[in-house]
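Two complexes are shown next, each including subunit A; its partner changes from subunit B in the first to subunit C in the second.
Entry: the complex of A and B
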């Protein structure tokens, strides 16, 4: 394998890894705090990407507006879905709310199919052209994705250190005691959902210039996010972060050698990892439903 | 089971047996598909008895299906292929689940989802299974020289498998193993504290489920005469959860069957909506989940049964055949 190819694969891996880390962080956050496994997490990414397309191409507005719009609109959508639908199901256990999110996947994907007539949309690159690092040429778009996703993840890290971030973690650990401490648990729930979905949305906006927007991208990313969760630990944000990049890189290299069977390869590696290090990689995971 | 319950069950079985004689071929076909889905839903219900949501059912369904497809095309008898599929599912399941089961419900849950996707990918990518077009031209099952190939005959074959499945599950649920399972799903820590080996009982549960799921797969493939990856998709696995929850997840035996019937009929009734059919079905199910969170049986338990309990004739009917209880001294 040439050096150039190696770094290309690495860059691709970091790029997708960033996406997986974003989606998995949102997923794990919602799981830990709201105790809801948001199956539709990937679809918010897809919606963010399509929204970016609409804003940049159809409306002709600058790209940063699309990023902001994706973040805000997906956050609002997530909060609304929680308040309207999921909240009712919460009282009846984990599985009802889970199933509702599963059905939401169908609704969102079918809705997107009908709205966009199933066509994948391409978005013109924001910074066209290539840039060289050392001897290897990378497309600027990919570097932008890597940079943006890292920026968002860093912002997330500091967000968790803010009062509201800590309130979320507290609610995750024990929402009754958190309420006693003066945290409005009900508010925290929809806020967390908003943050989780917003993360996906902004991920979609970030990846859109490189991968475009297509209906199944949500499910694709979600399936990788599941692997990230397994490796990083169910309620662990830092685990999601590291595992996200790890899975992205492994997937990138595996695809080079075995094509679409890379999912099987990753599963085997994850299985081995689980054998030696159950419970994920590191960090203090939030408690999740079920022992 | 009380005498009146047995009579009720008998009537139900009779109706199921008479079904193809009363309705047309198309309905019989739908009923056969419903039977397969009911078997899968029952397996999901089995997993829920130990607190394990199994989203990998579609994968094992496929394992059974492809085993039957490939072996039957090689000339092996249908019944042997079903057995083989079951055994493969149990062994493979045993190996794979040993990694995930000790890690807890959520880890198991995510593992199952990933497993389902990976196996689906394998069915499509590995040339042995016929690629994404699948394996077609599977011969019809036979009993001796009798070939099962009309719509009705296949229906009865499916009904046979369904009844065997339900009977086995019923016996298990009412045995010591079933009671251990119930204790695990009620309170895991408490079960552990009285010495119940949770992991072992859970493993037994999922492996038994695997066997019957694979059997359902073998049946379905011999009914469909083909094994195509798109049948065994992740969505199909998710649907099994829908059947149980719509039907009522506290009733592990009736719930999935009822749920499968409803879930098959909703899209049929919504067929007029065509392109909107999928969204409309999903919305209907969401509404059911929001307003009938305990499923149809939950609603029956809350609203329908009390009406009966208040009727004197029902009290007399349920006491039919019940021996005279010794009276308490006043």
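Entry: the complex of A and C
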């Protein structure tokens, strides 16, 4: 393998890893705090991407407005879904809420199919073309994805240092004790859901100029995000970040050498990791739902 | 107490209404001149129902449009008063289930169509004839499937038909020939990682050998259908350093062709890209994501009947689609090919009996017009199946000119048939023996001037 090829594969992996880390962060936040495993997490990314298409292409508005709109609208949607449906389902146990989110996947995807007739939509690239450093080609659009993903994750990191972020972490640790300390756990829950879904929404807006918008993109990204969650550790934001990039890089290298079996390679490596570190790289022990 | 009072009040009001109605004087009428009593017009007999089942993956544009075409066909027949078959008139009932691209769901839905809904004619399949036939064969249900493997043409299988299967390679052949003339020396094939993807890869590589024996096959990159980022795919293609990337058939996975184009553009691929199928939406997406230059001059399999279709009846279907749905989408314009073949069989036999129709189809030597070109069923003597059960279809080839798809040539039904036989599988002698015994297939006169291949190319005279 040439040096150029090595760095090209590394660049590919980092580029896709950023996307996985973004979705996994939202998932781990929601799971850690609200104790809801949101199967529709990827579909909020898809909605964010389609919303970006609508704002940029159909309405002709600037791209930054699409990013803001995707963040805010998916956050609001996530909060409404929590307050309207998931909160009630939680009263009947973890699995009820899980089933609700599975149902959400169907509703969101079917709605997308009906609205966009199953057609993929392309968004004009913000930074078109590619640049080369030596033998390595970097898509400008993908560099923007990496940079934006890292920026969002850093912003999330500092958000969690704020009072509200600390309240979320406290509720994740132990919601009863957090309530005793004066934290309104119910309020924290819907806010967390909003942040989690907003993360996916902004992720969709970030990747849309590179990957376009299509109905199944959410499900595809979600399947990778699950692996990121396992590797990074449930409830660990920094774990999600590290694992996202790791999975992206392994996927990239594995594809070069074993082609379509790259997913098998990833799963075997994840299995080995789970054997030695069942909680993932940086996972924390979580109470079993219902206990 | 309150409920009882309300019930009583309502009952009283109803009784009062009936009483007033009965007592009301009839309105005075103008006396009319007595007329000669006429024979009462007999009420037409109620329409019978002809059920067609369909299983479609409706999580993509092709599937959604496929449903639209089937619904439209049923609507047009029913709005015209029904279908006269024999002594009965039938309304069509389409029973369509969504498989969501899951083979398990498809099997369940097929079972439901056959056992619960009682459909005797089914369009679409699980994708594997070996699975479909466990349900359709014992129940003698005619299925128009899309399994590209030889399992669908196994002589033991009695009720499985396809309209686009083995005999569909002329398009590739024509394009490969054009491309070889541009001086390419090597290619890499990019195909979906699926049973059909691998089968198609074998067929298409064989057609490359025939069309351009000097062009080297550097390998195949198989792509998982759940791939999100195509950067690694493009990097792998580039690492082979080919003159051409053959993406034919990759387009059956939604959105993969535009993504692959973009990824190849990102890594600086300068060779020719052969996309196979490309819809106007795909082309628009590629141009948006990667610019016009990367697609310019490319030749694609067309699904656009506009400017190509001249038959009034087919044009009326196109017009009806546009009227019903607002615009002509082009991801599934060949959907009704199987329906038209079945329609011809039903009209010819004036029967809805599966065995009667089967008898007709198994011996058909008739090209049938579709919205996209012509379709015909052929036998597979290479598999010892001498019934005409396996289809081919013709359609235009388009060239990308200034970012738009423009009709360029036609892959005719005869080319599809002959090329598939010639294409490196050493079938010529087998088919020659078959033709001598069973007769030669007929091809549309309309396409005569566009044929590239003829029986004379095989040393057979008098059949062109």
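Criterion: the second predicted complex is superposed on the first by the 276 of 291 C-alpha atoms of A that agree within 3 Å, B and C clash if a C-alpha of one lies under 4 Å from a C-alpha of the other, contacts with A are read in each partner's own complex, and residues count from 1 in each chain.
One rule holds in what follows: a residue touches a chain if its C-beta (ideal position, glycine included) is under 8 Å from a C-beta of that chain, and two chains touch if they have at least 3 such contacts.
Just so it is clear, the structure is predicted and the values come from calculations on it, not from any experiment.
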**Request:** Classify the contacts of A:164 with the two partner chains as first (subunit B alone), second (subunit C alone), both, or neither.
**Result:** neither
**Message:** Looking at A:85, would you say it contacts subunit B, subunit C, both, or neither? Reply first, second, both or neither.
**Reply:** first
**Which superposed partner A:215 touches (first subunit B, second subunit C, both, neither)** = second
**Prompt:** Who does A:260 touch here: subunit B (first), subunit C (second), both, or neither?
**Reply:** both
**Message:** Tell me the contact category for A:223 with respect to subunit B and subunit C: first, second, both or neither.
**Reply:** both
**Asked** Of the two partner chains, subunit B (first) and subunit C (second), which one does A:269 touch, if any: first, second, both, or neither?
**Response** neither
**Complete:** Both partners, subunit B and subunit C, contact subunit A at residues 223, 259-260, 263
**Fill in**
Residue positions on subunit C within touch of subunit A in the complex are 58-65, 193, 221-224, 226-229, 231-233, 235-236, 239, 254-255, 258-259, 262, 265-268, 281-282, 284-286, 288-289, 291, 329
**Request:** Show which residues of subunit A lie in contact with subunit B when the two form their complex.
**Result:** 31, 37, 85, 88-89, 91-92, 95-96, 98-100, 102-104, 106-107, 110-111, 114, 223, 226-227, 229-230, 234, 259-261, 263-264, 267, 270-271, 274-275, 278-279, 288-291
**Fill in**
Note: in the complex, subunit A contacts subunit C through residues 5, 8-9, 12, 15-16, 19, 109, 113, 117-125, 128, 130, 132, 137, 139, 141-142, 210-212, 214-217, 220-221, 223-224, 248, 251-252, 255-256, 259-260, 262-263
**Asked** In the complex of these two chains, what residues of subunit B are touching subunit A?
**Response** 51, 53, 96, 99-100, 102-107, 109-111, 113-115, 117-118, 121-122, 125, 188-189, 238, 241-242, 245, 249, 275-276, 278-279, 281-283, 285-286, 289-290, 293-294
